[in-house]
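There are two complexes below, and they share chain A, which is joined by chain B in the first and by chain C in the second.
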Partner chain A sequence: MEKVMSNKLVIALYVLPSLLLLLAVIYVPIVLTGYYGLNQWNGIGPMTFVGLDNYQHLFTDTAFWQSAWHSLLLALFSGVSLIGYLVIAMILSGNIKGANLLRKIYLIPMLLSSVAIAQLWLKMYHPTNGVLNSLLASLGVHNPPEWLANPSLVLPALFIPIIWQYAGFYILIYYAGLKNIPETLVEAARIDGASAWQIATRIKLPLLREVINVTIILSIVGSLKYFDLIYVMTDGGPNGASEVMASYMYHQAFRSFDFGYGSATAFALLLICLVATWLIRKATASGDTIQYS
Partner chain B sequence: MSNEYGLRKRSHRKWVAGLTLLLSLMLVLSGCGAGKDGKGGSEGEGGKITLKMMHLWPEGSSAQQSKLVTQIIDQYEKDHPNVVIQQEVLENEQYKNKLKVLSASNELPDIGITWAAGFMEPYVKGGLFTPMDDLLNGSKLKDKFVPGTTEAYALNGKTYALPIELNISPIYYNKAIFQKYNLKVPATLDELKQAVQTLADHGVAPIALGNKDRWTGSLWYMYLAERIAGNETLKKAIDGSGSFDDPGLIQAASEIQTLVDMNAFNKGFNGLSNDEGKSEFMNDKAAMYLMGTWELPNFTTNPAIPQAFKDQIGFFKFPMVAGGKGNENSWVGGPGVGLFVSENSKVKEEAKAFVEYFVVQWGEQSVTQAGVIPATKVDTSKGDLPKLYVDLLNGLNQASSITLFADVQMKPNAAQVHLNMIQALFGKAVTPQQFAEQHKAAIEKGN
Partner chain C sequence: MKTQAAASYPLGVSTRGKMLTRVGYAALYTLLIILAVTQLLPLLWLMLFSLKNNQEVFNLPPFALPSQPHWENYMNVWTSGNIGRYFFNSVLVTVISVVLTVLLASFVTFAITRMRWKGSQLVLGLFMVGLMIPVHSTLIPLFSMFLKLHLTDTPLSIILSYVAFNLPTTMMILLGFYYALPREVEEASVMDGCSVNRMFFRIVLPMTTPVMATTSIINMIYNWNEFIFVNTFISSDENKTLTVGVQNFIGQYTTDWGAIGATLMISILPILLVFLIMSDRIVEGIAAGSVKG
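== the complex of A and B ==
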């Protein structure tokens, strides 16, 4: 078998199917999207080549920058919430009572589809019958906020379910990372008289560094291209107050019939995600690799 | 390692390589194959013809229409044993989105539903819908349509879809709530405001509105614009020959904000979908609801809705505005949806034959069974029709003009600006002046 695997032709043949699939499903559409962005096109009729017009328009399009700002806010918000996930994962991995049950509780939102989560939270946020406002009303609040209709509240109101939705995923990753740390190291530290805080910050965190880097990239890139929950819950409204880059792209292409501009937006979104990934890798890169010894 | 083993390994290697090649070829070939044939209907399987039909009457929210479609299809399949009709049902917004995606990849269903005018234009210009003039002038449908309905589906002298609904938008109101607070049906905007004031003071939501969908709020603006500035001014502003700068149109926008300030609409309307807004009305929590006659089944024939509720629903025409140029018998509405046949359908003739059959059947049955007003002429003499229905039909017969819904009338991009501005206007994020300017800019842009 080793000989087979070292044969270049065989390697190529093994790689070929998935490579072709990847090219056809991911890379070709990316190139095409970039190309569509150079055209004026309503998605149905003939295309007119307009060069970089659409991309130039992006720079002056305040609605796009507003949506980009919202996406950035979401990225920051989810970046910060990673700290919370990490703390929870640390507590859960510390052999506390009921950790198993808690772990399952955190994981359940992950099992639900975004649309189901959106429906659930729509009910929560309902201005008159919603759980949230009924609770506030019973506490004596006379004019509870209109969560999804108020332009200044709608973003935080959407961020909370998104954070809730992904909590289980990141806690699981952290938990797995923490369980991977050899117990002997923790024990040795304990014998040396280290406190729980010291064990967490001096031993567990540094050893978890690679995992943390991955989750930062996942959560920030994921936030930048986030779409589904926002689409179902507010559709970017009211009047663009919860528009994010992906929903803006969607609205341009499918509502306004401006596929050229929508494609340009999509391509810009891709570039922004790539730049963000590169920046994060730069910022979190470390020269030394960790070795358990 | 024995020699024999090495030999076997070599032949094994060839085998693996061959298999991999075969597999990858299969993948590539199957990848190329898909997509090209997906154009909907096909002939095959013992000569059976499959027609794909996409529509927007889900069983849940449009029970009566959904039942009727299924019934017509069943009958047609019984009469034409070689035809199988597959339904694909989506909810309104999803339907519109899917239609666009399918057209971009040129995979429209054989038969589908479209809206008139501006909505239809890109599809027609892209050569996706087939002209229906032969059906329109054919023996079964000639002179059967209410005048003015098919015109909205015509472009460059050809008709690209056959309308099946005719809609006007009354304000439905809950008689029980009106009685409780001693309110009379408002004939003028001032009376409407008084009713709103009284209801709001008693903690009842005066008007049910779900403005996340945005066209719902647009109805209110359209009516106020019509009543204040008149039907002609509004029409011209929309088609670009006039302007949204018209003082009457700006006044209409500021009247919207006055109503918002009076708490005329249910709480949080900008974050609620039309269905959520409607449920305020259906649950006796809101007193009024401005909506198209496609809601009529819910107030007349839908068995899922208690008769007691249906009995307490009435309607009135949109109130007049003092000093306004509008006419009481001007309605906002228009032909509702129509049926198109895809130009690229492989079974175009069969699809057209079904559309013809559907329109005739729908015209006869939708009145009594679904409580929908069809685009074909209705014979009210037969059948025992609900009073609300007959009253509205009479209202329709007296109509002096019907202004087509703005978002249908405008070109897609301008329509989006209009809808966004409606949400902003209701949310008080723009002034009436800015509302007018944005409209003007969007309509001048011309797409």
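== the complex of A and C ==
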């Protein structure tokens, strides 16, 4: 038994292909990204080693910090919207008829490609023929806004489809977590005369804490590296008003052919995501385990 | 008895009289239904304008039915562009990536959870850290690596990327299942003189079919919709997948809304169909894939 289950050849055969792929496609590139960031390079010609120049430039690059600010706004916005999702999931998990069907309906946008969603919402926001402005026009609004062309409206206008896309996902996660809470606990509290509010805040929320922590990390880190929808809908425009970190990196590398600087940006993005994960873990793990008495 | 009590006083409002319960219920349902409608309305609008001609799109109210459905929009889009080609590429890339990912992940997960070897925890750690790596931070080196290996503009470049980036999530879902497999299965098969390979292929793999189905669907949704790798690595129309192909195709048809609608509908229908058939599995898979992190 022991011998069969520690057969070195078999282990190597089972593990090495995936491990090599993981190293080649994820770990080696990450090291290279950090290294490219130390060079000036157009992607094709020779690399010139410039030390920390790119990283220094990043610190003083207002366009980068503006994009980082937009990413942060999206992260905050997503973080806050989790509260709404949690409320919906709580209602949904309260033995509501049709809960199964409803949470499946909520999930549908999440299954579609960002390109399809982006194209659909581009049409929704179309200045003259979009749903939004058609409705505004029929209500008598004469100069409805050009949502995506207006620098002060473009970010909120982009956040709405993102919310629309992910709502079902987070509701589903919370719902699954809530369904894992043993019915007996809730029942016991109810018999003791606890109100719905008390049951939700004193019993369900603490028990859901791990799940909530995971969703906070998912939504904040996901927002920090968010790319697809914004790239397709506005490409960071107008005039950088909706540029986020990932799109800024993409533009530097694949449009300006500044691969060195793009890599420095990509490496910064990686560090920011890892630090954010670490900070959230730290912040959410600080409390003691909850006592029920 | 217990479930009955839970069903009749779902939100713990039993103490406040029937009237309030009924009003509360109506309010909650309204909220849930408004959310469901919000999630579906943009898609309904898309379906409607995919069947209209421009005149109807611009002159009728957004949610009015077309005078007669213009199915020819779909025919035109399918025959005039490369949609069929993109569609085939998406199927090819998705199927190959999903099969490879699930198989490779099963190998590694089996070796880590069931076999005995030094370094298994380190390897597991490497895969799990991979969960936190944003694809953007590997994009530039991957692009230059594939360029050197003459893999850019080949399906292989995106397949390799998909498999590597999907291995961690897939393993995460498989892990719990593999840990729960009874030891007796292995003992019995080793007693019978079974080799590890035989045990894996004949006994373990068939036992994990349900969880393999779940991970396959999640992988499928991800690969079918993936954008940034295809957009970066693939340059010729011949090798594009549906997401990126649709994006470029729409670029040529900025004014023909019916054509755009039909293109988008074609790109999202396969996922919607799969969802209609296997929604339970998908819901369960998405919940499992995210919470266990």
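The rule is short, and it goes like this: the second predicted complex is superposed on the first by the 267 of 293 C-alpha atoms of A that agree within 3 Å, B and C clash if a C-alpha of one lies under 4 Å from a C-alpha of the other, contacts with A are read in each partner's own complex, and residues count from 1 in each chain.
Note that a residue touches a chain if its C-beta (ideal position, glycine included) is under 8 Å from a C-beta of that chain, and two chains touch if they have at least 3 such contacts.
Please read these numbers as outputs of a predicted model, since none were measured by experiment.
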First (chain B), second (chain C), both or neither touched by A:G43: both
Which superposed partner A:A176 touches (first chain B, second chain C, both, neither): second
Touched partner set for A:W164, first chain B, second chain C, both or neither: second
Touching partner for A:F254 - first (chain B), second (chain C), both, neither: both
Contacts of A:L155 with chain B and chain C, given as first, second, both or neither: neither
Chain B versus chain C as contact partner of A:N7, first or second or both or neither: both
Chain A: partner with more touched residues, chain B or chain C: C
First, second, both or neither for A:S138, with chain B first and chain C second: second
Chain B versus chain C as contact partner of A:P17, first or second or both or neither: both
Touched partner set for A:D235, first chain B, second chain C, both or neither: first
Intersection of the chain A residues that touch chain B with those that touch chain C: 1, 4, 7, 10, 13-14, 17, 21, 24, 43, 128, 254, 259
Complex contacts: residues of chain B adjacent to chain A: 9, 12-13, 16-17, 20-21, 23-24, 27-28, 31, 97, 100-101, 103-104, 122-123, 125-126, 128, 211-212, 214, 266-272, 276, 280, 285, 412-413, 416, 420-421, 423-424, 427, 429-430, 447
In the complex, chain A residues that touch chain B: 1, 3-4, 7, 9-10, 13-14, 16-17, 20-21, 24, 42-45, 122, 125-128, 146-151, 154, 234-235, 237-241, 251, 254-259
Interfacial residue positions of chain A with respect to chain C in the complex: 1-2, 4-8, 10-11, 13-15, 17-19, 21-30, 32-33, 36, 43, 88, 91-92, 94-96, 102-116, 119-121, 123-124, 128-129, 131, 134-135, 138, 164, 167-169, 172-173, 175-177, 183-184, 186-187, 190, 193-196, 199, 211, 214-215, 217-218, 221, 225, 227-228, 232, 246, 249-250, 253-254, 259, 262-263, 266-267, 269-270, 273-274, 277
Partner chain A, residues of chain C touching it in the complex: 2-3, 5-7, 9-15, 28-29, 31-33, 35-36, 38-40, 42-43, 45-46, 49, 57-58, 61-62, 104-105, 107-108, 110-112, 114-117, 123, 126-127, 130, 132-145, 160-161, 163-165, 167-168, 186-187, 190, 195-197, 200, 221, 224-228, 232, 242-244, 246-247, 250, 257, 260, 264, 267-268, 271-272, 275, 279, 282-283, 286-287, 290-291, 293
